[in-house]
Amino acid sequence: MADPRFFANAGPFALGELARRCGAEIGPGGDAGKRITDVAPLDTAGSEHISFLDNRKYVETFVASRAGACIVNAAMAAKAPAGMAILIAKDPYRAYAQVARAFYPSPPPEPGISERAQVAAEASLGEGCRVDAGAVIAAGAEIGRRCHVGPNATIGAGVVIGDDCSIGASASVSHALIGDRVILLPGARIGQDGFGFAMSPEGHLKVPQLGRVVIGDDVEIGANSTIDRGAGPDTVIGPGTKIDNLVQIGHNVQIGRGCVIVSQAGISGSTRLDDFVALGGQAGLTGHLKIGAGARIAAQAGVMRDVEAGATVVGAPAVSSAEFFRQVAALGRLARKKERE
Amino acid sequence: MADPRFFANAGPFALGELARRCGAEIGPGGDAGKRITDVAPLDTAGSEHISFLDNRKYVETFVASRAGACIVNAAMAAKAPAGMAILIAKDPYRAYAQVARAFYPSPPPEPGISERAQVAAEASLGEGCRVDAGAVIAAGAEIGRRCHVGPNATIGAGVVIGDDCSIGASASVSHALIGDRVILLPGARIGQDGFGFAMSPEGHLKVPQLGRVVIGDDVEIGANSTIDRGAGPDTVIGPGTKIDNLVQIGHNVQIGRGCVIVSQAGISGSTRLDDFVALGGQAGLTGHLKIGAGARIAAQAGVMRDVEAGATVVGAPAVSSAEFFRQVAALGRLARKKERE
Amino acid sequence: MADPRFFANAGPFALGELARRCGAEIGPGGDAGKRITDVAPLDTAGSEHISFLDNRKYVETFVASRAGACIVNAAMAAKAPAGMAILIAKDPYRAYAQVARAFYPSPPPEPGISERAQVAAEASLGEGCRVDAGAVIAAGAEIGRRCHVGPNATIGAGVVIGDDCSIGASASVSHALIGDRVILLPGARIGQDGFGFAMSPEGHLKVPQLGRVVIGDDVEIGANSTIDRGAGPDTVIGPGTKIDNLVQIGHNVQIGRGCVIVSQAGISGSTRLDDFVALGGQAGLTGHLKIGAGARIAAQAGVMRDVEAGATVVGAPAVSSAEFFRQVAALGRLARKKERE
């Protein structure tokens, strides 16, 4: 179903092979040899496609689906329509991800350095790298193996990048140390000066920004997001953290492992997020805060105080989600009451 | 009045010719042969300039203006100062746009491919295209006639672009099918991976993003805006929709015809906007919503529920505009009352 | 302490020399000849480092610090631990900035034009400029002395740039007149079309944007920020104004001297800021407003009315900060009260 102009399908696969790859169990009566040619959504899938059900909202679509196979949890398996093979998984969405990665893997880039790229003689590139036209890699940069530096991307002097990274089109990186398997989407800006000025009516004096950006393994950073380098300490993005598009990370921010930061959120200088924090779209955090592990910050929240581990906060100024919805309800009642009076 | 370093004036024009081009009527006593050399704002226009009045706030400026001609609606015509010729139009701003386009047309680009551009042998370019230095066009891309690919822009493999499009400096496009007369401003990011992960404490697993971005005719997309490709279905931007700078459009979003999306707004995955929806600056929509035709979402609104066709919603969480202003008033009264107690 | 891969240290300096450079006084018993090799944060500084104390929160860290020297105000000097030399300054952060600039100056760029840059024959470049690989400078552009045009940056036709400017990687500039010592960080977008359309169900008609962007001396503009050119009047950024990342400035906006605009803020068309206005992160201003000198707009504020000089406004819709906190308190009480009933 994926447009072959853009995606190369590595299938077909036997159902049993897909079950093995995603750690699922074939449901009663399923044929491990059944040929599956592609993934597809429940409503458009055909008899050689595999789909998934992850949301009760779509049970009707599931029951009516013509998919040849579907990944579901144990509770849903019995509702499968006749002729549909079932793969039973605890987390059907994760299993789907693995199946989709089987059909559409991300192979290492085809190695080669474009004649139109500029790679400084003093830069080092590991084996198997691809550097596209217009890319500029400055002196002293060290890039690992099998990295892809996209068209018109810029890697500044002294930057260190690990193995199997992808630097998107027109992205720029300076003053940074980057781990393995890091993905920067197009236009991401890593390592530029933080916003540091000694303010005064005589003129705001620029303060040298003397830190770096340190990015752990398996991080993804979205298109046109901006991560400033530290002012003295480093700005740190922990391993496995995923950052969406148009996100701003200020200088000296420290983000732990496995955090998820949705589009257009912003984190002011020196704030620290512990592991597995989730930050909703357009949320904003002021500077010098501590956000505990596993905290959840709602979309558009405005956080001005520390947040405890595991807490969920909503609104601006942000409060607990229970308090927020009480406030919303109370204000709604008040507005109606005043109207009746 | 426009700086000739940046803008080439195609005038002068006779007043009658301008009236014809914008569908306006010359007011009583107006001379169709009057020579008009340029457009200009009411307060700085001189005797050979044409201006417009579209806002009651500026009636005094109009009455004092020395503009040789002015586009107004019928009600305002009688207030024109002596010596000013009048063009009467139902929609003076639209008529002004047409007159300004007469003076400053957008001709097709001067054809030619820079020696410093990289165009893959397997890409196709229609007649009359201009490709600037540093642009990179990958294999299998198909670009229509009279398109302008700006400096350092990147067009990915297999991308299809219609006729008379303009791709701004350092913009990037991948996995996309684009109609005619589409304008991408500098730094726009089209077609990169959506933000799709199967979340887990063991590590967030990247889900292949197998859809495309499909953009209709006459769409404009602002500087540094980001439009992710679909996860399986496509991300769709309907014909005539105008998107401002720094806007985020998530994967699988479907936007109808003629929508207007102001700067820094964000739309989460799988939300659908029907035709002619207006979205104010910094507004945010969560995922999987339906926004009916003609709905108006205020600036900074936070929308978490479906919005009916024609409705206006304000605030976060967004409510009807009447309800929002009742809430604001009630809260103001409450704060004052508590203070007095 | 700064990573020598990225930063070149111009030290060491004698303490007396540093005192002279930042206008501070050496405290009692201090040795003007003491050798200082670097700046460092209080908690990691050693005996040859200089640090600063600017925030009461860090007094304990100061008392325990092993820094060889520290910049403080007069009130704090007596608390210095034994062996620490003291520099006394009215504004310790500003003095620190000057000391850090002594260690890490910003010398003019190493002159030279990359063979991989494209500079039009009809463009002019002052002496001492550096133009990196992939940069594209169009005909008629006039660039002053000692400017650095970074890799893959684009300077459009007719643009005028003063002396000692820095244009970041992949930034783009068109239709603009730029002063001296201006810094554009990577991906900044200056001078593209404003968002101007004559809206109509028949189709939104693009209105030619015939103004420029005029940027004063000593302005800094953050990564991926967007500044649209005027629609007829110019968009103006006054001298000494500092703009953070991902900020949107609409067409015809006029910003005075010394304003500070934090990340992800947005200013709609034709709004005017007088001198020294401060705008918090993610704040939004609607169009056609006047914001008086020295006004402070809180983070995430939504401003829909003019703001008086010197006022502080908070919230959306924005009110005085006193009123905002009264409202927050009143709403909190109301929510608790309703709960108890």
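Every chain is named by a letter (A, B and C) in the order it is written, and numbering of its residues begins at 1.
We take it that contacts are C-beta pairs under 8 Å (C-beta built on N, C-alpha and C of every residue); 3 or more make two chains touch, one makes a residue touch a chain.
The structure displayed is predicted, hence computed values, not measured ones.
Peer 1: Smallest number of touch links from subunit A to reach subunit C?
Peer 2: 1
Peer 1: Same or different for subunit B and subunit C, when you check if over half of the residue numbers at their contact belong to both copies?
Peer 2: Different; most numbers are used by only one of subunit B and subunit C.
Peer 1: With chain centres defined as C-alpha means, what is the inter-centre distance between subunit B and subunit C in Å?
Peer 2: The answer is 28 Å.
Peer 1: Find every residue in subunit A that makes contact with two or more other chains and list them.
Peer 2: Residue numbers touching two or more other chains: 116, 134, 152, 170, 187, 224, 246, 264, 282, 316, 331, 334.
Peer 1: In their shared complex, at which residues does subunit B touch subunit A?
Peer 2: It comes out as residues 116, 118, 134, 136, 140, 152, 154, 156-158, 170, 172, 174-175, 187, 189, 192-193, 195, 197-201, 203-208, 210-212, 224, 226, 228, 232-233, 246, 248, 250, 264, 266, 268, 282, 284, 286, 302, 316-317, 319, 323, 326-327, 329-331, 333-334.
Peer 1: So in the complex, which bits of subunit B are touching subunit C?
Peer 2: So the residues of subunit B touching subunit C come out as 1-3, 5-7, 39-41, 91, 93-94, 96-98, 100-101, 103-104, 106, 114, 116, 132-134, 150-152, 168-170, 183, 185-187, 218, 220, 222-224, 240, 242, 244-246, 258, 260, 262-264, 276, 281-282, 299-300, 315-316, 328, 331-332, 334-339.
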